[in-house]
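Shared between the two complexes below is chain A, which pairs with chain B and chain C, respectively.
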Partner chain A sequence: MRNIRIIARLDIKAPNLVKGIQFEGLRKIGDPSKFALKYYLQGADEIFCADIVASLYERNSLLDIINSTTNNVFIPITVGGGIRSIKDVTSALNAGADKVSINTAAIKKPGLITEVAEKFGSQCMVLSIQAKYRNSGWEAYYDNGRESSGIDVIEWAKKGQDLGAGEILLTSVDREGTAKGMDIELIKAVTNVVTIPVIASGGIGNLNDIGLAVQEGCADAVSVAHVLHYEELTVNEIRQYCIEKNIPVRRLSVDGA
Partner chain B sequence: MKNKNTLQKYNLPESIEFCKECTISNQRPRITFDENGVCSACNFAKHKQKNIDWKEREKELVLLLDKHRKNDGSYDVIVPVSGGKDGGFVAHMLKYKYGMNPLTVTWAPSIYTEIGRKNLDNFINIGGFDNILGSVNGKTHRKMARNSFLKMGDNFLPFIYGQTNFPLKMAVQHNISLVMYGENGEVEYGGDMTLANSPVKDMSHYNNIFFSDMSPEDWEREGISKSDIAPYLGPTKGEIEENNTEIHFFGYYHFWDPQECFYYCVKNTGFEVNDVRSEGTYSKYASLDDQTDWLHYFLAYIKFGIGRATSDTAHEVRDGKITREEGVMLVKKFDGELTKKYFEITLDYLNVTEEEFWEVVDSWRSPHLWEKDENLEWKLKCPIWIE
Partner chain C sequence: MGLSMADIVVIDYGHGNLKSIQRGFERVGKRVVLSSDPSIISNADRLILPGVGAFGSGMRHLEKLGLADALHDFVKKGNPLLGICLGMQMLFDSGKEYGMHKGLGLIPGIVDKISDKTKSEKIRKIPHIGWSALVNTGCNSNWTDSCLTNLNQGDYVYFVHSYMAMIKGSEYLLSQCNDEGLLIPAAVKKDNITGLQFHPEKSGKIGLKILEDFSNL
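Let's turn to the complex of A and B:
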């Protein structure tokens, strides 16, 4: 079994790290660079940072965000929010990102997934899916969890993989920011139909939620925000918990990274 | 249909000016701008953020509550709620932090949305509250909504009667001397500033501000019977005085931040956001209850050029949640967006055809705000993004 990755997630509305509940009521949390550094030093395996309102505001603050988060952080960084073209990907990678995450632009133009994967490799192309439960299944959302695309999440995940996505960041809009537990059924439903790694996101309120996402949901990574930002958990506590539960994780040397 | 003279009716300045700090314009009735081009609401927001000693205000609140507190099992404060985040916050704080025994009262919307009704139920069942839901004769309400739309260009007049009068009536009926509202909208969002430093709602302003010069009694001449009008009436002045009724704003006693009310209610009253953003704006956590409320906001967009996205962004800029630049972007993107979801159901409710609907709407477009473009589509002459 591959190591399960613990990813610290930073949603950014430039110049601030923000956090909402179900993507609503974005609260300013602080300076993203300080939080990125803190989570790196706590032993996060990766950092995910996104301009969460890029599509909503039809802007692109990505380079500022990369500059403000990559300093002194020596773990893989995925950036997202407002990536609409190969040119955007190129500048994000040049600025220091290791991977890019795309949601809105991929929904509007699925071929972009293939273009990015062919030019930069699948490992670099993370398909971000905001999944909202409606009626009898999950629908893919965009614009910071505000707009429904009408696309079925399970179908979209399969299609994303076929088009060349190397990884899926799967966020439950219903659970995001609530700290009331993850949507395990959603995670299971997606991990069942794809072979590429799935990062589970949205709803972690305690250590047990992480165990469930990995052991029942078969997630390959967890993305953690609320409990880290509000200092309810540290990355190291999560790692220790995983070790106790026999969940394979990267072993760290004593000095952190 | 004859074009309405909104300049005169609402006393609007002919030349449009936007606040230098938020997204509101001088077309909001009663708002004032200072010599630096900053609106009264922005100045109040700064005052609120800097000059007020909230610990002292809390002491004032406790004194007030102790004066009205009953401790005998009977209700001692009326809190008007919709089931949303703002009333939910006030009611929960009063009951669970300050030990009052609130009776919460709700004036039913014209047509409930699923999420609106669910949030009211959650508020009652998860938040833990007694509630009286005032539902009036739907036939009368519909007739009044139709006529107020046709005559006054606002379908919401009958709702506003109840929203204003029903809590007072419940206070008198239950011998409760304190009514606690959330924020004072005039002060927080721009308007009459005479009560900026007062905790109390001034009763003398009711008719001319909220009722567009047409009070519930006036409906008799529109063919509504006395008995059908009765539910919309407030208590008499004598009854209010005899009950020693006081109406206060919680926003005077506690720093008012709608976003924080949201966090509080998600935690304490089971509040849930909507599935998607509300059409005409970007938010999904405010004003979720009524399938016809979009028209109330849309008509403000027509009359004043101030739609829901303008109002939402203006206060979020003041509250420091977004920048003015972000606000302008959101206004450009969403303000005046026509509903797809509720258009038909609303026209059906008002019993108007699409043609009649647009005839009424267009009669409220003042030439100082609106012009037709080359495709003969209406557009704002002076939108905020091309200042």
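Let's turn to the complex of A and C:
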């Protein structure tokens, strides 16, 4: 088993880091660059920045945030939210991002996944899937969990991989921001059908939730927001927990590098 | 910025996150120039060949800009060259990504897809993404006089790739990582040429140390 990755997720409504529940009722938390730096220094394996109002406002302010963040943060940074074209990907990468995550535009135009993978490599193309449980399965949503696509999540994950996605960011809209535990069945269902890494997101309330996502759900990475922002956990506590539970993680050297 | 002002020249051929590499070197106090000018490249003090994306496309862009020749000219002068990720892979003779492509031929070997099965026939997820520990079993274990000189075995660095180098000659192999039983070349060195499969500019403090030590080679 590979080392799992602990990814600190920042939902941004420029210029602020915000946090909502199921993407609604946003609360301002602070300066996203400062939080990114804090999590980098705590030993996060990656940073994920999501522009959660991207479909509604212009984007330069987000790119400014990415730009100033990457001055101080020397780990991979993924940018998501409102990326619709090769041009958008280029500006995100030029601002210092390493990867982009795409949801809405990929649903509307799946060929974009292939275009991004061919131009920048599949490692750059993270397919973001926002899953909501409906009747007997999960349906892919877009526009931050507001709009239903009618597409089955499991089928979409497989198709996304075939089209060239290098990773899947799988968010449970039902659990997002609730801190009530992750949708382990959802994670399991997706990791079962794809051979690209899956980042589990949405619902982490305590350390045990992370253990379940990895050990039962077979997630390759976890995206952590709420419990970090509200200082209920630190990245290092998560790392120590993983070590105790025999979940392989990156070990930090004594000086915290 | 005049050429003499730069400690590091990063080759800009449209394939990679150059800004991260630039910021990494700047963080350790180095002056960086991004360039696609063959004369600046062949006359650099220290040269970085970055790169993400596909092997064939990378080589095509280098050649189109006249930079493959500039790279060879640079190497002959004996100054330090560092290839990162795809930049490391292109140092080899050839690459098999989307067909067979000729590489720079600076280090003997070919670049091929990482096997998608482990030894126990389990699925190996591709790309290999994440932090893996550097080991030097079966390698030239002498890291002194290389950019790994201040690292310890077992230090973790960040990888993201689907292809790996198959090196001819273990004397060029400085370090590997063990990916679920598969030993993947992580660092190679032949004379003044160093290649890193991982991203030092994305490997936190340890990565910055590597960039700093490369600047002092």
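Here is the rule we use: the second predicted complex is superposed on the first by the 248 of 257 C-alpha atoms of A that agree within 3 Å, B and C clash if a C-alpha of one lies under 4 Å from a C-alpha of the other, contacts with A are read in each partner's own complex, and residues count from 1 in each chain.
The criterion applied here is as follows: contacts are C-beta pairs under 8 Å (C-beta built on N, C-alpha and C of every residue); 3 or more make two chains touch, one makes a residue touch a chain.
Everything numeric here is computed off the predicted structure, so don't read it as measured data.
Asker: Between chain B (first) and chain C (second), which, if any, makes contact with A:D152: first, second, both or neither?
Answerer: neither
Asker: Pick one for A:L93: touches chain B only (first), chain C only (second), both, or neither.
Answerer: In the superposition, A:L93 touches chain C alone.
Asker: First (chain B), second (chain C), both or neither: which does A:D31 touch?
Answerer: In the superposition, A:D31 touches no partner, neither chain B nor chain C.
Asker: Report for A:I21: first if it touches chain B alone, second if chain C alone, otherwise both or neither.
Answerer: The first partner, chain B, only.
Asker: For A:R134 in the superposed arrangement: first (chain B), second (chain C), both or neither?
Answerer: In the superposition, A:R134 touches chain B alone.
Asker: Once the structures are superposed on A, label A:T178 by its partner contacts, choosing first (chain B), second (chain C), both or neither.
Answerer: first
Asker: Between chain B and chain C, point out the one touching more chain A residues.
Answerer: Of chain B and chain C, more residues of chain A lie in contact with C.
Asker: On chain A, which stretch or stretches are contacted by chain B in one complex as well as by chain C in the other?
Answerer: Common to the two interfaces on chain A: nothing.
Asker: Residues of chain A touching chain C in their complex?
Answerer: So the residues of chain A touching chain C come out as 1-5, 40, 45, 70-71, 74-76, 93-98, 118-124, 166-167, 195-197, 220-221, 250-253, 255-257.
Asker: If you look only at chain A, which of its residues touch chain B in the complex?
Answerer: Result: residues 13, 21-22, 24-28, 53, 56-59, 132, 134, 143, 146-148, 178 of chain A touch chain B.
Asker: Could you please specify the touching residues of chain C with respect to chain A in the complex?
Answerer: Against chain A, the touching part of chain C is residues 17, 19-20, 23-24, 27, 52-54, 116, 123, 125-133, 152, 154-156, 158, 160-162, 179-180, 199, 201-209.
Asker: Where on chain B is chain A touching in the complex?
Answerer: Result: residues 259, 262-263, 266, 272-273, 275-277, 282-285, 320-322, 326, 329-330, 333 of chain B touch chain A.
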